[in-house]
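Note that the chains are named A, B, C, D, E and F in the order they appear, and that numbering of residues resets to 1 at the start of each chain.
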Amino acid sequence: MKKVVTFGEILARLTPPGFKKMAQTNQLEIYYGGTETNVSVSLSILGCQTMHVSRVSDDFLGNAALSNLKSNGVDTSYVQKGEEPLGLYFVEPGAVVRSGVISYNRNHSAFRALEPNSIPWAAIFKNADWFHWTGITPAHSENNFLALKEALMIAKEMKVTVSCDPAYRTGLWKYGRKAEDALKGLVALSDVFIGGAEQFNELLGTDFSLSDEDFKKGSIALKAEFPKIKTIYDKTRTGKNASWHQIEARMWNGKNLFSCEPIEITHIVDRIGTGDAFAAGVIFGELNNYSEKETLAFANAACAIKHTIEGDANLADFNEINQIARGNTSGRLIR
Amino acid sequence: MKKVVTFGEILARLTPPGFKKMAQTNQLEIYYGGTETNVSVSLSILGCQTMHVSRVSDDFLGNAALSNLKSNGVDTSYVQKGEEPLGLYFVEPGAVVRSGVISYNRNHSAFRALEPNSIPWAAIFKNADWFHWTGITPAHSENNFLALKEALMIAKEMKVTVSCDPAYRTGLWKYGRKAEDALKGLVALSDVFIGGAEQFNELLGTDFSLSDEDFKKGSIALKAEFPKIKTIYDKTRTGKNASWHQIEARMWNGKNLFSCEPIEITHIVDRIGTGDAFAAGVIFGELNNYSEKETLAFANAACAIKHTIEGDANLADFNEINQIARGNTSGRLIR
Amino acid sequence: MKKVVTFGEILARLTPPGFKKMAQTNQLEIYYGGTETNVSVSLSILGCQTMHVSRVSDDFLGNAALSNLKSNGVDTSYVQKGEEPLGLYFVEPGAVVRSGVISYNRNHSAFRALEPNSIPWAAIFKNADWFHWTGITPAHSENNFLALKEALMIAKEMKVTVSCDPAYRTGLWKYGRKAEDALKGLVALSDVFIGGAEQFNELLGTDFSLSDEDFKKGSIALKAEFPKIKTIYDKTRTGKNASWHQIEARMWNGKNLFSCEPIEITHIVDRIGTGDAFAAGVIFGELNNYSEKETLAFANAACAIKHTIEGDANLADFNEINQIARGNTSGRLIR
Amino acid sequence: MKKVVTFGEILARLTPPGFKKMAQTNQLEIYYGGTETNVSVSLSILGCQTMHVSRVSDDFLGNAALSNLKSNGVDTSYVQKGEEPLGLYFVEPGAVVRSGVISYNRNHSAFRALEPNSIPWAAIFKNADWFHWTGITPAHSENNFLALKEALMIAKEMKVTVSCDPAYRTGLWKYGRKAEDALKGLVALSDVFIGGAEQFNELLGTDFSLSDEDFKKGSIALKAEFPKIKTIYDKTRTGKNASWHQIEARMWNGKNLFSCEPIEITHIVDRIGTGDAFAAGVIFGELNNYSEKETLAFANAACAIKHTIEGDANLADFNEINQIARGNTSGRLIR
Amino acid sequence: MKKVVTFGEILARLTPPGFKKMAQTNQLEIYYGGTETNVSVSLSILGCQTMHVSRVSDDFLGNAALSNLKSNGVDTSYVQKGEEPLGLYFVEPGAVVRSGVISYNRNHSAFRALEPNSIPWAAIFKNADWFHWTGITPAHSENNFLALKEALMIAKEMKVTVSCDPAYRTGLWKYGRKAEDALKGLVALSDVFIGGAEQFNELLGTDFSLSDEDFKKGSIALKAEFPKIKTIYDKTRTGKNASWHQIEARMWNGKNLFSCEPIEITHIVDRIGTGDAFAAGVIFGELNNYSEKETLAFANAACAIKHTIEGDANLADFNEINQIARGNTSGRLIR
Amino acid sequence: MKKVVTFGEILARLTPPGFKKMAQTNQLEIYYGGTETNVSVSLSILGCQTMHVSRVSDDFLGNAALSNLKSNGVDTSYVQKGEEPLGLYFVEPGAVVRSGVISYNRNHSAFRALEPNSIPWAAIFKNADWFHWTGITPAHSENNFLALKEALMIAKEMKVTVSCDPAYRTGLWKYGRKAEDALKGLVALSDVFIGGAEQFNELLGTDFSLSDEDFKKGSIALKAEFPKIKTIYDKTRTGKNASWHQIEARMWNGKNLFSCEPIEITHIVDRIGTGDAFAAGVIFGELNNYSEKETLAFANAACAIKHTIEGDANLADFNEINQIARGNTSGRLIR
């Protein structure tokens, strides 16, 4: 069984039921997530041995978050606890022409206060096959940036494959470091890149479009700048409205561009965490030596099915995803 | 800040959760609405100073209804209380090919018993810019008709602009007065008319169709009959089924016909109150001196977004509506 | 008022709310159903006198199941009670590309243990016009097979019209009898056949396709083998995904093939029990001497509206179905 | 199986969950009840054949109310339907020192409009052993008074035993008739009287206290005035607060006073309908020829257990009540 | 109508339903409160004109909090908005021997960041009769301390009566100032003191016990130190366990000690906010010139009834409280 | 960290919300438990390393049950999966004088079909300090008896301490073996006995009463018969009614009788699993070398707090239990 390590903030998400606005309800639903957490949960359900490293509040909410990870099989042995509160976010869900809205409460969370040198990365990476990080983590605080940097350097030493999803999130990066510079140093230590034109342009100062041609050019440029990168995966999305999207994916392996069949999500149940589901699909395919086509199809299917699952993490199991990856998108009832 | 006054019954709506039939559930959801109430709530959220005049039951249900209005910023200082119960309606929600069904319980409500001369309209209209009424109010009882008539006459004296949505509702108008005659007298005191072929034909005894050409002809005929009317706004709706509609709007300013882009509502969350959302959008545009095109786009956007909001009133704020009015109907998640 | 008798297992269905996976929730919704039960409930709501014969657990769950049938007007006087538990099934609902999944807990239910000679069929069929059975009942146990066989023989004697929906369900038929042989004997005692290519091929060892031409050929072959069969009704379904289907129906009366307008279900609320709703529609049309076209349209409409109703049974009343049967699929709100 | 007939309004009760105030919640629970309805439901669950006569709204709410009665086995064949709404009441539940509050919405209900000569009482009373009425029914309207009067006269002719619970409810009796006079005529036609000092004083103009001695004196005076009355049952209640009561009962059979062990209800779940549960217990004991002691103990136990059951009617079955009647009030878990 | 101003943080409270632990549920209930907020809400419901001054997050959660205040009639015109999140707290409710547990998330809230000189106190106190503050506010931050200090000085100038509840809360007071010193300066500007031995000892360095004698001595000492203080109110509580308390109250008017009847709360629904309910009761009595006895009884009754109301604020109205204050603690159902 | 192993059926419990009867609700709450499972969960939360051995259904319900155990930290690596369904039980909760009622659906569960020689006990007991079993497991089936027997023999070899709670449950023991004989062989292999007069009498054919004196005599007799038994723990319960109990505990260590302070549970939240909470408390005390008094106090406190926690397992942590064990039963709110 492959072992995957992730590192990042665990968030509790609080959201009104149905399509209610916050002031309309005296009840909220609570889910536990976080972009890297979601990757761990999905890979754990797919059968990998997973470990998530983080820091949570030392109260019943932090414990509930860890219970949730443990219920999905994620090893939380190296999660630290602190006085600060758990990171939270509130969501007013959208529908059709109405945008969902997120309001974060994570600026002073237990995770941001994590001490950079407090994590025994060598022990954590023992027997590990893979480490995944995203652009959210180094965007929080100097502490978080340094801890991630340290992890990447030790991963490199220990020959753990590294994937990154270096999405730039506006509203973060407020502690002083320039996003572009910080991310460059981290991407340079990574092997698998999940991103496309937007990320290329941020990192390289280029102006690539969303076309296949530009994805290819951007990939080549990226690999030129960051020679450790081997493969680049990108997903694209076109949307009728908040309830109806179509998703596609493509990848560049250094020689060829591969793409997969688009999947139409005609009735979106939950849009959040679909990118993390895609990342987990990419990692699963790579870990299991899937062909490029197969990995893309699996990752796109994982992303698709996440749109039908409530909460942040993709709770679909291998069979559920694989059926879609093999082209059966009928959703036929299984008795 | 512009001040808008509305007058009409406040209703509590009781509805099974999800798509359940009444006999399937031991839980109901409760919302507070009423066609003119909805206009006040929407305009209040859009930033207007609003006052709603009504009469509710002198019990905890009447109080809860007022709490709801107050929570949305509507001034309820002139709402009276009485022994009779609050008006209610029950809804079995529909979906796709199944019609939703409404059952009213409002015939002996506190509102119907309101004494015509009991309302200090002059005080209420002090500093008011706008008064809105609908065809529901005069349809309830002689008392309600007389109170509205009085309001309109004082509004005229005090130079308060008056908008009307003189929809004829079958099942009402049972107290003796002929709808056509009663409405004519009230429309004659109004400045902005919200309605189309159906209303033209009821009031004028004509036979106009839903075509743009007939809307224009009907508008001209209406203005001929009711010279105080300055602008006429109409919305039209085509529907695949109960869950999927397309809405459009047009207006006649006495010289030109304007129309706006249609908006497709592919996944209707709540169909009720969409006309009231449109009316509030029209009033907001007129009050803020929007151009005809802008007012139409804003009103149509308001109507569209209401389809995604649970309950009777449009709880969307200015930014949410304006984004759609400016053509962004993607419903993209806002972080 | 026509009297219809049904015989089969009553099941409780347990399902997470919304689209949650089982491990995501501490709440389940409970519905009572079962394929023949659903037919009785629908026909009772349509105005028939109905009686359902079964065997349930002698505990509060069995009682709750009977309460549910009684609430819908079904006579449960001949339902037996036993020590064994009520049959159950759990559903994880699907959406779009995600399949719903059913897990049964019915192998040792009170129904399976029903004693074959314990049912007073002659008393039950007194004044009865119709008896309906499905292929699920004989698939459970030898006891269930024998009880059904006995019912059919007495029905024949007492000239009760018999309809059958001899669907073959994988996962059942584990007690020894070969499905094909058992069903042949039962179909031979029936007058109305609800099924198509799949059922033809199972019973006749043929290889018909889903085409109209093959439905006609199969119907002719079926009537040749089972001369008591007079009419054959078939519904077909094409699906974009789990949330969006289109349904059609056709029938063969021995001379002509009839078909009806397809209906598109763009937003499926609940897929379960739609076949039973169709069967009830067929029986209702036949009992009321509808023309072939009318019966087909009514049955297809019944099937369509069931997709919008939560739970197992079609709770729509005559007017709701008839409106759709007459071509009004707009689902317009009824005030 | 004994057959019992009841006549009275069916009410839907709407109440916030838990201990919330109306303005605190967007969800309400719905129950179906009504004082005579509750008696029918309880007796049906105890094994009697019961029929309830009433008039409900001809809409989905009226149907849901009938479904509820049918689910509990009550025959609703003679329930009429009308245009007027179903009677409703809203409850804000109390606790400890806080009083629960009820707000009625029943003044213009379908029941009040019932035509006095429209009910085929002779058919209804065929094979009936018992008829039960309460003081609520004649308090609504002249129509309701006349219908009840007619019922009682035919019951007398047909030798159906009649019980009455002639509670006087303030807030009713607004249609003109004087409560005292009306009730006297109805009590004169009854055999079993459920009431005590309060009812004696209302009917006889006396001033009896709650003492046993006065109950005896009052009973003697009552029987002197109404010679058809054979037995008189009274329950008394002392309460620490809204959550903690103690109940007792006594009866007079014309010769002796009997009483029963008090029962302490330390944690009241639902206070409503406990008197109706007592009445049903009295009727059950009388119908089954229980001794005076046994009847009292059973009725008191029925009243006690109703305090632990949500909703209006006593849903406890014979074994549950009988265990308490026999002195086992431990509430020990039954596996 | 008397006008009361309060100043303090508005908090959202998030709590599992029933008695569930956080990890047991995917649903939370949300209430809006805060100690001074609760006083405003209660006084508003009692009929006072109230205004609450605060600073909330500029997002849908801050808006929902304000909606809640407005729904209860509290004027929120001077509430500021900021980038920081709304203060939150999570509660795991206790029962019997199990302690409820609170976890705060308020250290970096929008309220703490409020600028001291940003509040137009002179405008706010125009026509105000009363200002209430608690020891929570100055415990948050230097900003909050300074703003409160400023308010008190202007209140003094404008002759607004000031009440204080200078409870010391461990876990706060982390910004540098010593609680004792800070509070002394604020108490010196106040007229009505709500507190007892604990507060005396904190402020005066004394060692008074909970006895009446010591309450008297402490009150005398307090008035000696803070001559502006006129009356001192104290409530005491004895508890069997988390579900069953008894409350009492006493006061010192400078000459005499008054006390009131104890009230037993045998079934606590919600313990939070009971002290704030008491404070509101004191203010209401003082504002309405109640006698000492009457004020104590009213405040104790307000405290008692809050134990039966879900959420933070006392939502009971005047009649509900007054009935208890007059000695009727029976909680009898009101029809 | 001490390692504890448990073996037994995992059950899902399905129960109506609040105090509803099954037929009153369309929603059920689901909890996961089972007597030995509950012990593992409690010990895991108390900080022990725990492993539970069982066999569950190979479907989403079995997975959800395992997720629940994992969320509480229990190692489920040796749980097997099978075709048969998960064991279930339905509960209608009781209150005051009303008994709760349980209906089981476990006779053909996945656990009963577990193959006796299929469990690698030697691997499981590696590094284990403790093994706990109850009388429920051998009562199910010969398979379950044999598997347990095997476990006990290997535990003895590997010097794992064994505790037993040999409760005899009527309704089980239907597969042929005589309870008394079977249990004797298993008790003989155990070190710590949890039980009292009832268990003594079943195993020894004696007639001991519940008195302390008889507990002492019974303990001496038990140790004489089963010399491996070292300590005997017993809890006793007296109940006012289903909502109000008092619990006590005592133990015999071979020389002395120890007892602890009784604890009154005035408002029971959930009665189920309180015995398992006691057993976990005993094991925790023994494992941590608590004195007899301390162990008793801890176990009694654990039992007490479980009465306030919803679901089957005691989710209280060490501090929550220890506070009560040290005599603080006030349940004071912790901020």
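Operating definition for what follows: a contact is a pair of C-beta atoms (placed from the backbone, for glycine too) under 8 Å apart; a residue touches a chain by one contact, two chains touch by 3 or more.
What you see is a predicted model; the values in this text were computed from it and never measured.
*Asks:* With contacts counted as defined, which of the two, D-E or C-D, has more C-beta pairs across the interface?
*Replies:* Result: the pair with more contacts is D-E.
*Asks:* If contact pairs are compared by residue number, which of E-F, A-C or A-E agrees with B-D in over half of them?
*Replies:* So the equivalent interface, with over half the same contact pairs, is A-E.
*Asks:* Which rotation angle, from 0 to 180°, best lines up the CA atoms of subunit A with subunit E, given as a multiple of 5?
*Replies:* The superposition gives an angle of 180 degrees.
*Asks:* As a quick test, compute the distance in whole Å between the mean CA positions of subunit B and subunit E.
*Replies:* About 41 Å, centre to centre.
*Asks:* Whole-Å distance, subunit A centre to subunit B centre, using C-alpha means?
*Replies:* The computed centroid separation for subunit A versus subunit B comes out at 45 Å.
*Asks:* State, to the nearest whole Å, the distance from the C-alpha centre of subunit C to the C-alpha centre of subunit E.
*Replies:* So the centre of subunit C lies 62 Å away from the centre of subunit E.
*Asks:* Going by the touch rule set out above, which residues of subunit F reach two or more other chains?
*Replies:* Residues 20-21, 23-26, 67-68, 71, 101, 104, 267.
*Asks:* Name, in rising order, each residue of subunit A that touches subunit C in their complex.
*Replies:* Residue positions touching the partner: 71, 263-270, 301, 304-305, 307-311, 315-316, 320, 323-324, 329-335.
*Asks:* Which subunit A residues qualify as touching subunit E in the complex?
*Replies:* So the residues of subunit A touching subunit E come out as 14, 17, 21-23, 25-31, 57, 59-61, 63-64, 67-68, 84-86, 88, 90, 92, 101, 103-105, 107-108.
*Asks:* Considering the complex alone, what residue numbers of subunit A touch subunit B?
*Replies:* 18-21, 23-24, 94-102, 104, 169-171, 239-244, 267, 271-272
*Asks:* If you look only at subunit B, which of its residues touch subunit E in the complex?
*Replies:* 67-68, 70-73
*Asks:* So in the complex, the part of subunit D that touches subunit A is made up of which residues?
*Replies:* 20, 24-26
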